[in-house]
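Chain lettering (A, B, C and D) follows the sequence in which the chains are written, and residue indices restart at 1 in each chain.
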Amino acid sequence: MFPLSSTTDTPTEAPRDTVREAELARILEALGAGVVDSLLKPNDDMWIRVTAETWRVTAEKLKALGYTYFGYVSAIDWLPSPFGKSEDDASGPSGERDSTIKQGYAGGDTRFQVIARLVQPFTTIGINIKVDVADEVMAVDSWSSVFAGANWHEREAHEMFGIGFNGHPDLRNMYLPTDFEGHPMRKDFPLLARIVKPWPGIVDVEPLPGDDEEEGEAS
Amino acid sequence: MAKPKVPGMFKGLGVTFATLLATAKNGADTVQYPHEKETPPIRARGVIALHEDNCTSCMLCARSCPDWCIYIEGHKELAPPRRAGGAPRKVNKLDRFDIDYALCMYCGICVEVCPFDALFWSPEYEYSEPRIADLLHDKAKLGEWMQTVPEAPELEAGAEKKGKK
Amino acid sequence: MTMLGDRQQLAYIASQAADARVNVELETEGMTLNIGPQHPATHGTLRIIARLDGEQVVWAEPSAGYMHRGYEKLTEVRTFPQVTALVNRIDWLGSFANEVPFILAAEKLMGVEAPSRAQHIRTILFELSRIANVSLFLGDLGVQLGAITPVFFAFRDREYVLNLIEGATGGRFHPNFDRIGGLKDDLPAGFIDETRVVMKKLRTFCDQIEDLLFGNEIFQSRTRGIGVIPKDVALSYGLSGANLRASGVDWDLRRDQDIPMAWNKTDFKVITHPDGDSFARCWVRLQEVRESTKIVDQLLDTIPAGPVMAKVPKIIKVPEGEAWVSTENPLGEMGYYVVSQGDQGPFRVKIRSASFNNISIVPWLLKGVYVPDIITILASLYFILGDIDR
Amino acid sequence: MNAVLLASDLPYWLQSIFRVVGGLVAVLLPAGTVVYLFLFKMLSFMQSRLGPMEAGPYGSFQLFAEVGKWLQKEDIVPANAQPEARIFKMAPLIVLASTFLLVVVVPFGPDALFTDFETGIFYALAVSSISVLGILIAGWASANKYSLLGGLRAAGQLVAYELPMVLAVVGVVIQAGTMNLQQIVVAQNTGSMFGWDGIGNPYVLTQFVAFIIFMISVQAELSQTPFDMPIAESELVSGYMTEYSGFRFLIFFIGEFATAGVFAMIASILFLGGWGVPFAWFGWTTIDSVDNWMNFAGPLILFAKMMALVFFIMWIRFSSPRLREDQLQRFAWKVLIPISLVNIMLTAVLKVAF
C-alpha cells in the first residue's frame, strides 16, 4: 500500500517524464557546448553542469528560455568534513576518515561548486545549474546583472565559502563582521560549539568495584 | 450596492466600540495570570520528567539531543536477581542525570528515542529561575516532575493505534 | 485597478521629482538615518541605513545578519530527525510549515511517502501555522501604521490557533511534529470539532480587521500606490508568496505543484491583486487567511482513517542523492536543497527562505519614498528576521 | 462682574493658595481620570482585555504606581545633549507650563474661575502654542535624529493646525459677540433657538462645522492618532520624547493627557455650553442671578462634558492608523482651512441677517 523504504536499490521501470525531457532537450540545444553534464530524474528535477566560462551566458539564455523566476544561488563544498559527520565523536581520531571528494548529481571536478536554481513561472519546472569553481581561481561570473535577486545570494556565498563573483557590484559581508577570518560554511571550518564540548555519547558508566580491582591487578 | 456605503473610519469605530461592549458584557479574552491559570493541553511539552528506575544510562538520549544538553553518569551495581536462586544481575545505576534547560530546545527527541520509557513530557511550566545556571536540573528534580505527567490523550477518530506517549 | 495604480504611481513619482528639483536647487545637506537593529518597525533585528533628504529617502540599504544562526552549518552536524527541531526556528511564527519541505525532501531521497492520513494532518497543521503567522501580520500591520488595536485582536485570535497546534503537537511555537515517513503522533480527540470553532472565529477576525483597518481611508491613503513592485522585477528578485501574487502573478505552489500534500484534494482560490502596491500585498494576505480557514474546514471533513506513519527504519540513513522541495509557506516559497551522502545526517542543506529574497528588493523599493513609507513598505513586505538570516 | 474665586473678601495670599491648588487640581485631576478611564480601561476593553487590575480595586491606583516608577528612574541626559543639558531638561517643563497657562482662563462656574479675561479665547489659543516651543526644543536638544525629525514634524503640524483652530473659533466668537469665555458660556445658556429656550443655544448645533474642525485640530494639536506623527512610536520611536526618561518623561506624559483634558474643557465651553445649564430652567437671566450652588455643580457639569469629548478623542485615537506628514499638511491647508473660512463667511452673513 505504501512504498517501502527504499533501502533496496532495485531499478524499477522509471516513469517517463515527457515534459521535462522536452525541456531538457530544449535547454541543451540552446546552451550547446556550455553544458558539461546533465541529469534528469523523472517527475522530480533537472540538473545541468556548465563550464565556468559560460556561467553568466547560461543565466541569460535560460532567462530567454522562460526560466525567469530566480530561486537561489549558493555553493557546495564537497570535501568530507575532517571533523566527522553528524553523530560522530568529533574529538575522536580523524586520521582514518575518508577524505575522498565525491560530487553529487551531474558530476564535477572541483572541491567547490556553485549551484543555482531557476524556475519557469507558473509551473514547477525548475532547473538546478551547477558550475565547477577551480581552486586556483575561486571565482565565477556574477549573475546579479541578469537576476537582480542574485545580488544578496552571491554576497552570502562569497562570505560563507570564499568564492568570488566577478562583476558583482558590492561583495560586502552580509552576516559576518568585516574583519572575520575564514569562511564558515567550508567543511574544514570547525564548528566550535561541537568541539569545545565533550561528545555526549561517551558511555560514562563506572564499572563495578570488583571489576575495578580485577583491572588493577591485571595492570 | 443597496445599502449606503459607510465610511471606513466609522466602521472601524464601530468595531472597537462593539468590542468594548462585548468585553464589558462577556468578560475579557485574557486571563489574570497568577490568580487564574489556563491548563495546558495534555501533550504540552512543558518539562521533561525522569522515571529513574527505568533508566539504564544507555546514553541514547544524550547522543540524540541536538543541543547536547543532557549529562549522564552512572555506575554498575549488583541488583537482586529476578528469580529466586538466580545470579545477581549487573545493572547500570544512575549517578547523574542533568538536563540543562537553558540549552534545551524542547524538541522532544530524547523522550522519543528512549527505549525504556524513562523520559516523559510533563505540561508543568512554572520553573523559571532568576539565574541561568539554576536551570540545570538534576535527577531528583526531574523525578519530582514525574507526578505531573498526564495520561496520553485519546486519539481522534480514524487513528490506527494508540500512541506511545 | 491597474490603470488607477499606474496613475497614482506616476503622480507620486512626478511630485517626488518636483521635490527633488527644489532640493537640488537649494543644495540641502542630507542626513543618514540608521533604522535598527533595535527599532520597533523592524520586528527583530534588521537594520536599515537610509540616506535622507528632508524626510525623503535618497538611498537605503538593509543590513541583515544580526540574527544569523548558521543553520546551514548546524544541519551538517546533525541527524535528519534533529534537523527538523532546528529548522522550525527559521520562520518562528509559522514553524510547522518550515519542517514540511525539509521532511518532504528527505522522504523524496528515501523514496518514502507518508500515508494519506498523515498528509492530510500535515496540510491542516501547515495551514494552521499559516493562519497563525499571517493573522499576526495583520495585527502588526496596524501597529506599524499607528493603529494600536488590531494587534491585540491578532494576538487574541492567534492564541486559539496556537492552542490547537499545541494540543496536537505539544509545542506552541516549535512543534517538531513532522517525521520522515509521517507524523510523530495522531491527532488528539476533539481536535476536529475545536478546529471548526476556531476557524469560524478567525473568519470573524478577518472581518474585524477588514472593517477596522483595510476599510479605513487613512490606511488606504497610507498604502495605496506606495512601494509598487512590477511583475518582472518581482520575478527577477525571486519574490514569492503574497508579495508576488500582489503583483498580479497567479502562481501558488500549493495549487501548481504536485507534492504529496493534501492541497490538491481541496478547492481554494489563489488570491491575486493587480496593483503591486503595499495595499495589494496586505489585502492578498488577508484574503489568504480566509482561504486557509476554508482549506482547513474542507480537510477536516475528509481526513481518511489509517496510520500516520509509513514504515521507516528506526535509525534513518538517507541514501545518496540530491533533492529540492519547496512549498508555499506563510512568507512565500521556502525550499530546501538537501544533499545526502548516505549518512544519518545531511551533507549539505541549502535553505532558500522566502524573506531573504523578499527583503533583497528593499534597496530598489525604498528609493524616493518618505520615512513613514519605509515602515509601510517593510510592514507590507512582511519578513521574519529568522527567515532572512537563518 | 466679580472676577474672584468664590468669596472675594479673602486675603490675597489665601486667594493665591486657592488658585494654585485649584490649578493643580484642574490640571491633574482630569489628566489622571483620562489616563485611568480611557488609556487604561477603555483601551483595554476595546482590545478585549481588562487592563491593569492589580494596583487597587480594578487597578485604579495603577497611575500612582506608574508615577512612582517613573520618579524612581534615572534622569538620563544623553552624552551628545550634555552641552545643552539645561535646555534639554527645560523642554518638558515648557510643555507642561502651557497646559497650566491654558487652564487659567477656563471658567468652572459663575464665580469659580481664576481670571476673567476679556480676550480669554484669544489668550487660550496663543498660550496653547507655547507647547510647540517645548516640543521643538525637546526634539532639537535631544541630539538624536529621530527626535529631531519628530520635533520638526510637531512644529510643522502644530503650526498647520493652529490656523484652522483659530478660524473655527472665529465662528463662535462672531456668534457670541465676545471673546470672553465666561460670556460665551452665558451667551449659549441664555440663548434661544427660534424663540424656544429649553436647551439654550449650544453652539455645537449652529456651529457644527466649526465644532468638527475644532475637534480635528485638537486631535492634531494633542498629537493623538491619526495625527501622531511627531510621536510615531513605530517610525520615530516616540519622536521628541525618545531620549527622555524618569520624571521628565512623566511630565511629557502628564502634559499630553492634561492638555487633552483642558482642550476638551475649552471645546465644551465653546460649543457645549460649558459649566452652565440652560438658565431658563431655573429662571435665571444674567450671570449675576445664577445661584451660588452652581459654583459647585458647574465644575462637575464641565467635567462630564469634558469626559464626553475626551471619549471621542480617545476613541478615534484607538481605532485609526496614522496619516503621513505630507498628507496631514495637505489636509490642513487644502481641506480644513477653506472650509473654516467658508464657515466664517456664512456665520457673519447669518449674524448680520438675523
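Assume contacts are C-beta pairs under 8 Å (C-beta built on N, C-alpha and C of every residue); 3 or more make two chains touch, one makes a residue touch a chain.
Computed from a prediction, not measured in an experiment: that's the story for all the values here.
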- Query: Moving only between chains that touch, what is the shortest number of steps from chain A to chain D?
  - Reply: 2
- Closest chain to the centre of mass proxy, which here is the mean CA position: C
- Reference chain D; chain at largest CA-centroid distance: A
- In whole angstrom, the CA-centroid distance of chain A from chain B equals 36
- Query: Where the centres are mean C-alpha positions, what is the separation of chain B from chain D, in Å?
  - Reply: 54
- Distance from the mean Cα position of chain C to that of chain A, given in whole angstrom: 25
- Expressed in whole Å, how far the mean CA point of chain B lies from that of chain C is 28
- Note on the structure: Touching two or more other chains in chain B are residues 9, 12, 15-16, 19, 29-30
- Task: Could you list which residues of chain A touch at least two other chains?
- Result: 87, 194
- Note on the structure: Expected list for chain D, residues touching two or more other chains, is 46-49, 318-320
- Item | Set of all touching chain pairs, with the criterion as stated earlier | A-B, A-C, B-C, B-D, C-D
- Item | Of chain A, residues touching chain B in the complex | 87, 194, 197, 199-208, 211
- Residue numbers on chain C that touch chain B, as the complex places them: 78-79, 81-82, 84-86, 89, 117, 149, 153, 156, 159, 163, 166-171, 174, 176, 184-192, 208, 211-220, 303-308
- In their shared complex, at which residues does chain D touch chain B? 42, 44-50, 53, 315-316, 318-320
- As the complex stands, chain B meets chain A at residues 57-59, 62-63, 65, 68, 70-78, 90, 92, 95
- What part of chain B is in contact with chain D in the complex they form? 9, 12-13, 15-17, 19-20, 22-24, 28-30, 32
